[in-house]
Structures are given as structure tokens and as C-alpha cells.
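These are the structures in question, set out in turn.
Below are two complexes that have chain A in common, paired first with chain B and then with chain C.
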Partner chain A sequence: MFLCNSTLGEVVWTQVKFKMNAYLGTLVSLIVVQILGLMLSINGTSSMSTNFNNTDFQFVWITADTVIIFVSIWALFLGNVITTKGYRNTNFSFVTNGISNNLSNIIVLIIMSVFAGITTFLSHYILRIVVPFFNDVGYVRSGSIIDDPLSSITSMGLMVSLILMISAGGYLWGTLVYIHRAYMFLLIVLIIALPATKTGQMILRFIFADNMSLFVLNVKFVCLAIIFFVLAMLCSNRLEVRR
Partner chain B sequence: MSNFGILSILPILGLLFIIWRLLRLTKSTSNRINWAQRSNKWILCIYVGVLLLAVVVYEAIQADGEKVYTQKEYATFIDENNVFQQAFEKNEESKFDPKFLIEEWKQQIEGDTLEVILNGSNVRMNIEWTNSKEQLVEAKMYKTYSYMGGINMEKEIPLPTLEVKDNQIILTAIPQKERTYYRFTNELTFFSTVNNLDSWEQRRVIGHTYIYLKVPKHINVIDKDGLQFY
Partner chain C sequence: MTVIDCQNLKKRYKRLNALEDITFQLEEKKITGLIGRNGAGKTTLLKILAGFIRKSAGDVQVFSNNPFNNLRVSANSILVDDQMSFPDSLTLADILEVAPEFYKRWDTELANNLFKYFRLNPKQLHSRLSKGNRATFNMIFGLATRCELTMFDEPTNGMDEAVRTDFYRALLKDYIAHPRSILISSHHLAEMEHLLEDILLIHKGKVVLHQSLEEVKEYAVKLQGTTDLVEKLTDGKEILHAKQLDSQRKYVVIRKEDVPALEGVTIHPVAASEVCMYVTSDRKGGIDDVFM
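And then the complex of A and B:
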């Protein structure tokens, strides 16, 4: 018998607020990761040279590709780390169950993925300013948020959904490791096996290459994230019963 | 799996390790240091502020490319270049777009020979033979649209110098130059739905420098290198 009954929504919301505060350090590590990626991007992602009317032209492309690789790895470990013992112990502060714990973790991952996606997109603008200031080279006006808002929003959405999918993968990985430590090597096996096997290549091509538009790719990422989260919830529910 | 494939995985594994350590470190630091939460909030606020400021400042930076053209505009440039090229080949001066005209000269020559000297210049030249009995030679220089990677090349590449003196037209090429440009894109190259090379080709407009001469029929035009003019 309790004086007040909390609904699932209230419990989850309280946990989300607490976890967002508790995991603030991970967002600082995101900044470090982004700065590291930016420093490695400063010389350009790709370049093209051509000769035209006795003049050699070299065009250097700078994209957020390197930063997104770093942030994706960060997301993978973020999803994984919040299932580890140290982070799991924070749940003892609350009256909670498996569902509310999983839901709050998922919401925290979504919030962090949105933050990571938007800041990764915007971090590219630091290079847009730093490169022309510190290099004595020409600088081509390129589409910005104001010039091309639709493409900017699409790119931002893509980054958010990609980070969310990877963090969901990390969360599933972490949950599996909690069930049995042998799963720790699952990711390394997957990294090696996916590009090396025909089936793996087919899966990768289906997800990343065969897309009519970026919207389709976005939808695929979100669907994969949902699948990973549902699998993680199913696995952890089984775990609660077992232990 | 090839050796290259295995080697390319190694840096990824290295990155995985570094980022994992970083996340563990931030967790342990926030456990040990009480002021970490407040400083973390400050760091996040400052970082987000810097990012938003960067977006605003970027709009104010002077760039080389005048404006970002659409694919349709590039197609129009290419069409206009082709129309000029065809009119030039057929000696249809009335169809030349006056906006391509750069400079024109008129020169009274003595005798019946006009010598054209091309000092390394790769201009396109055409002669319209007139029925005039005078010694007046007209020369016009045209330049069609040239865009590469969003840059208007007409401004970036100086024109060959054209000098008309006595019985000579001397065209001298500009010295070899090197230019490097930085270009930014919002797109992620991995997931770009368009082939970047195709897109690059569609946005490349190759223009040329044209010299159009109007020469009376009784004057011979010769070139030191043996180029024949009819």
C-alpha cells in the first residue's frame, strides 16, 4: 500500500531527467571526439585536380565524414557503456523495473543522438571558418543552412538517425554482453565478417547503397534502431527473470 | 579477406579503444569530482554557442564563388556556349551573343599580308573574308562561360594578351599558374545519392577564348608555324 501511485510515464520521466544529468560527461567526451575529427578533417576529405587554360586547379573537399566516423564510434560505446555495471547501479536510486529502465535508457539515447547529430552537422561550420582564415587559398562559396535549408535538414536528420541506429546497436551489444561475456567479441566478429562474406556484403549494400533517396536511408536507419531497441528490451526482460 | 582489408580495420579498432577509454574516463571523473557536473554544463553551453556563432559568421565570410548555381543554370550556360560555338564555326557573326565580347580592334595594315603569331596561346580563331577593297582588318575577342566547382573561371584565368601592331596580330598565353580552392559540403560523401563525379561533370562549364577576324579577301593571312587560313 502506497500513499501515491506513480505511473510508468512519471517513473520513466524522472529517470530520464536523472540520467541526463548523470551522463552529462558523455556529452563532454562527444565534444572531444568531434574536435578530434575536425582536426583530422582540416586537410580535406577528398580532392580533385584539373588543368584549364594553362592553369592547374586543385579543389579540396571538406566534409563532415571524418567527424561522423568518430561520433559513430562514440555512439556505439555510449549505447554499450550505459548497460555496464557502473551506469546500471544508478538505477538503485529509483523504484524501477526492466521496462521503465529500458525506456528511460532509450529516451536518453535518443536525446543524446539528436544532440550528437545536430552538433556534428554544425561542427563542420567551424572548419568553414577556420580553413579560410589560416590558409592562403581560395575558398568557394558552398551551400549553407540559409542557402539550402532542405538539404541541411536532410543531412542533419541523416546524421541523427545514423547515430541513433549505432547507439541502439551498442545498447543491444551491451545487453547481450550482460547476459554472457562471450558476446563481447560479437562486434569484432561482425566488423570482420560483414564486409568479408557475401551475405554480409548484401546486407550492407541493402542498407547503405541501394537507396532511392536520403529519406529512404533515414527510414532504414530508424527502423534498424527500433529493431535493435526491441531486441535489447526482449533480451533484458529475459535477464530479469533469470537473475 | 585481403591484407588491405585487414589493415584498414586496424585503425578502426584503435579508434574504438580510444573512444571507449574516453567514455570510461569521463564516467570515473564525474564520480570523483563534485564540480564536474556544473563545469560540464558550462562546456556544453559554450560549445553549442561557438557552433551557432560559426553558422552566423560563415554567412559573412567573403568567398571566391559568386553564388551557388543550380544544375539548371549550368545547363543554360552550356547551351549558350554551344550556340556561340556553332555560330562561330559557321561565321554567323550576327548570332554572336554580345555579352561574350571582351575586346575589339581595328587596324589599317600595309601590304597584302597579315601575320598571326600565337605564343603558346590556345585560342580558337576564325576568319571572315570580306569583299572590302580597303586595308582595314577587324579583330574581336570573345570569351564564353567557364565555371568549375562553382567558380567563375573568366575572372580566375587571365585572358591571353592580344597585340595588334603593323601587319601582325600577336597572341601571348598567360604564364602557368596554380590555384587551390577549398570547397565544403553539407552532404556526407558515404551516403550521397548522386555520383560526385557526375555531379562535378554536370557543373563544369568549359568555355573558350575566340578570336574572330574580318579580313578583306585580297589580304593573305599567314602563320609562322604553318597554320593555314582559308
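And then the complex of A and C:
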């Protein structure tokens, strides 16, 4: 009897290739979500009018915040959806075990987050080009990568790590829902409980407010993503498939 | 070498003991039929062997490893059942293309030839296939992996008569070309009898028989004759099955042993599928008795 021995690394790599191929559709949904966000951003998120020497000035702040919010929701559901029964069963039609399935899912989420983070960061350049066509604006002012490369890279990294953290949260959430349906309400409970309780506020402040620099925030996001992924792996390693 | 070794294997679900006490060993390179009634535990056993679900107690070894979550077992075994699913973003042709990356011994030529023979549409999606075509595709996938342990759970469900016959033929031919351990569960023993070397009969989560097909065929005999005579002959013996043919004649199935030839009683062989049916029967009498 001759047995094939596949190492964990080989299997994970094969699965990453397979999953990137199979989940290509999610990138289409990402682009749709970004376009939707951009369309809603065109009119600006806030504005201010002033009068100076009988001349009316109107300042309009146009940001890609809406795009970020939309992409965050996309990341949450992406992390969640790949833990569902259908996706899990599909993965187990090929060579896999619990660990390789988790690792390849995590790598796929990282790749998707990098792609989503960079494109979302760049989307405000699209806004800058498109806005003059739709709005009656005379002058557009914004920073560019060439003006301040370091801060641009930091904010790009921040976007990537934010999306990664959210997708990791979605992944953990989805894993818990797979274990028991009641965890479905966990997210709603968290959304209500975090801002409403003292501890919740402390946690939120620790993560988002008390940061010396954007870099620290970045590190916090990545750490949170790692914690979420590790928890998800610990929870799901003993799970059965094709039940 | 032993491929599967189960010792007092048990599996409990919330409200049900699916496997009570399974002990058997499977030697390599044999085609074994896993036979049992509905709910006997066939599917549960196969899923444990494939490493999809956990055992509750006892010991199970596949290639000397506990199969659950084991990469070595996963790389060398496959379970073909109707719950196999593939991503909707991949067509059937795409699936056959990625498979060799996972299964190192994938037989591309066999896969493509069978695919063409059964006239499957390469651009079709797996989830859109009809029940029979899906079963056919799963079978092609299972055969082409050439895994050392290939398991089929009710593979012919949904296939039409012609495809069934072709399937058994393909399985046999490929097995002869590349001998490996094949475990195939079914409740149609009669139609796949010609393939099997061994039979593993389970009933209510326990192994009832694990013997070669020849032995199972020799397991029992049917005595037919006048009621008085048959009853006298079988008195004190373990009766596997009995049926009153008419007011005077009756037949009784008993374990095979030296039965004296008596006038008025004829002795008939009992087919393997009938043996399996009688051995796992809890009822005295048949469906006819319900309508008396």
C-alpha cells in the first residue's frame, strides 16, 4: 500500500489557490459596494457657507467615509459567509482538515482585506476626479501620495488592518453561529452593549481613542484580528462536517 | 496490511445511538459491501471513517491514524455521497481541473473519458445537476481520485438502470487496473453482488456478519415442503425466516447444516441478499401478515 503524504503547508497553499479562484465573485461584490459608496459620497458629507466681501463661499467636505462604512459591512459579511455550512462542506469535498481549512480561510481573508483596503484608500482619488463633473465646484484641494507619502502609506495600512479586523470579527462570529444558532444575536448584543456599558465604553476608548499615533491604532487592529482568528480556530477545530 | 481497524466503535447523537458496537478490520485491496437496513448506521460509519465526524467511544484507525481531522487520512481517502458539494463559481470542467492539485494520484484521463461517456455538460454547475447526473459526477470524481481507501455511500441513488450497470462495470474495471480498498454501501446487494469479495453486514449499529461473499451465500438454506414435515425438521433450530405458502405448504430458512434429505421437502440455496435480509429482520412473519 502506497500512501500519499501531503504536508500541511502544501494543502493550505493548494486550498488558498482554490479558494481565491472559487470566491472571485466576492471581489465583484466589493467593487459594487465601493461604487455604491462613491455615488453616495459625491454630494459631500458636510458643508459650510460663508460670506466675505459680498462673495458667497461654500465649502463642501467630500470624503470616502461612506465607502469605508460600506466596505466594512462587506468585510463583516465576507468573514461570516465563508464559515457557513455550504462553504464548509464545499471545502471538505477536497483534501483538508480543520486546521488547514482555517488557515487557508484566514490567508484568503488577509489577501481580500489587502485588496479591499488599498482600493478603498484609492477610491477618494476617484472622487476627486469625478466630483467636478457632478458638482458646481471651482477648486478641489486634497492631499496626495506625493505630498506626504508616509502618512498616505500609514492610512492605507490602517484601512487594510481595519478591514482585516472586521472580517476576522465576522469570521469568529460566523464560527460561533455554526456551533450554535443562538450566537446569531451576539453581534446585535455587542452593538447595543458596547456603547451602553461602562466596560464597553472603556474597551472602545482603549481601541479607538487612546492612541499616540495612527501606527499604534494600526497595531491594535492587527492584534485584535489575530485574537479573533485564534479564537475562531480554537472553537472550530473540533467541529464536524457534513452532519 | 490493515486499512481500517475499528474496536468497539460507538457514536451517539443527541437522541439516538447510531453505532452501538462496531468491531471489524478491513484488509487492503478488497471490495467490501457495507450492507444494512435503513438506519442501520452505514452512513454514520462511513462519515467517521472519512474523518468528517467524531467517534463517541471505542477506537477507530484508518491507515493507523484516528481519521477525524487527519490530513493523511483525508489525502488518501474519499467518501462519495449525495452530500458532496462544490462551489457554484466553478463549472464541472473547473472542478476536474483543480482536483489533481489536491489528489496526487488523480487520473485525468479516466475522469475525462468517463465525463465524455456519460455526456455531462462541462459548463454545467454542480448544484444545478439533476439527481442522477450529480451522482454520476460524484462517482467519476471518486473513482478518479484513486484514493487508497475509496468509499461510496449509496452511490447509485438517483441513477437510471443503464448508468447503474455502467457504474458497476467502471468500478470493477478500474479496480482491476488499480487495486485499492473500496467500501461501498448499498441496500441493493443483489445488483452489485458480482463485484464484492466481502460483505460487512451491520444492523442497529452492530456488526452482524463480516464474511466473504461465498460464505454468505452458503450461510443458510431454504427448506420447502408440507407444513408438518418442515416444522418437524426445523424443530429446535434457529429459524431465520418462515413463510406459509398455502394451507399445506410452508418454507423455512435455517442456518446451513446437514439436513437429512426427506421426501416431501426440497432444499434450496438462499441468495446473499436474502441472507442479509433475514438475518437483520426483527419481525416474525412478513408484510402479508399486516393485511391478514
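Basically, the second predicted complex is superposed on the first by the 224 of 243 C-alpha atoms of A that agree within 3 Å, B and C clash if a C-alpha of one lies under 4 Å from a C-alpha of the other, contacts with A are read in each partner's own complex, and residues count from 1 in each chain.
To be clear about the criterion, a contact is a pair of C-beta atoms (placed from the backbone, for glycine too) under 8 Å apart; a residue touches a chain by one contact, two chains touch by 3 or more.
Only a predicted model underlies this, so the values are computations on that prediction, with no experimental measurement involved.
Q: Does chain B (first) or chain C (second) touch A:Thr14, or do both, or does neither?
A: second
Q: Scan A:Thr45 for contacts with chain B and chain C and give back first, second, both or neither.
A: After superposition on chain A, A:Thr45 lies in contact with chain B alone.
Q: Let me test your reading of the model: by the given contact rule, A:Ser100 touches which partner, first (chain B), second (chain C), both or neither?
A: A:Ser100: touches chain C, not chain B.
Q: May I ask you to name which of chain B and chain C touches more residues of chain A?
A: Per-residue touch count on chain A favours B.
Q: Could you tell me if A:Gly25 is touching chain B, chain C, both of them or neither one (first, second, both, neither)?
A: It touches chain B and chain C both.
Q: So, does A:Asn237 touch the first partner chain B, the second partner chain C, both, or neither?
A: So A:Asn237 only meets chain C here.
Q: Does the superposition put A:Arg205 against chain B (first), chain C (second), both, or neither?
A: neither
Q: On chain A, which stretch or stretches are contacted by chain B in one complex as well as by chain C in the other?
A: Dual-contact residues (chain A): 21-22, 24-25, 86-87.
Q: Quick one: which bits of chain B touch chain A in the complex? Just the residue numbers, please.
A: Where chain B meets chain A, its residues are 1, 5, 9, 12-13, 15-16, 19-20, 22-27, 29-31, 36-37, 40-41, 43-44, 47-48, 50-52, 54-55, 57-59, 61, 63-68, 120, 122, 146, 148-151, 153, 156-157, 173-191, 193, 200, 206, 209.
Q: What part of chain C is in contact with chain A in the complex they form?
A: 1, 3, 28-29, 47, 51-54, 63, 69-72, 74-76, 81, 83-87, 89-90, 94, 98-99, 101-105, 148
Q: Okay, in this complex, where on chain A does chain B touch?
A: Interface residues on chain A, with respect to chain B: 21-22, 24-29, 31-33, 44-46, 48, 50, 52-65, 68-70, 73-74, 76-78, 81, 86-87, 119, 121-129, 131-132, 135, 137-148, 151-152, 155, 158-159, 188, 191-192, 195-196, 208, 211-214, 217.
Q: Using the touch definition from the top, list the residues of chain A that touch chain C in their complex.
A: 1-6, 8, 11, 14, 17-18, 21-25, 86-87, 89-90, 92-100, 237-238, 240-243
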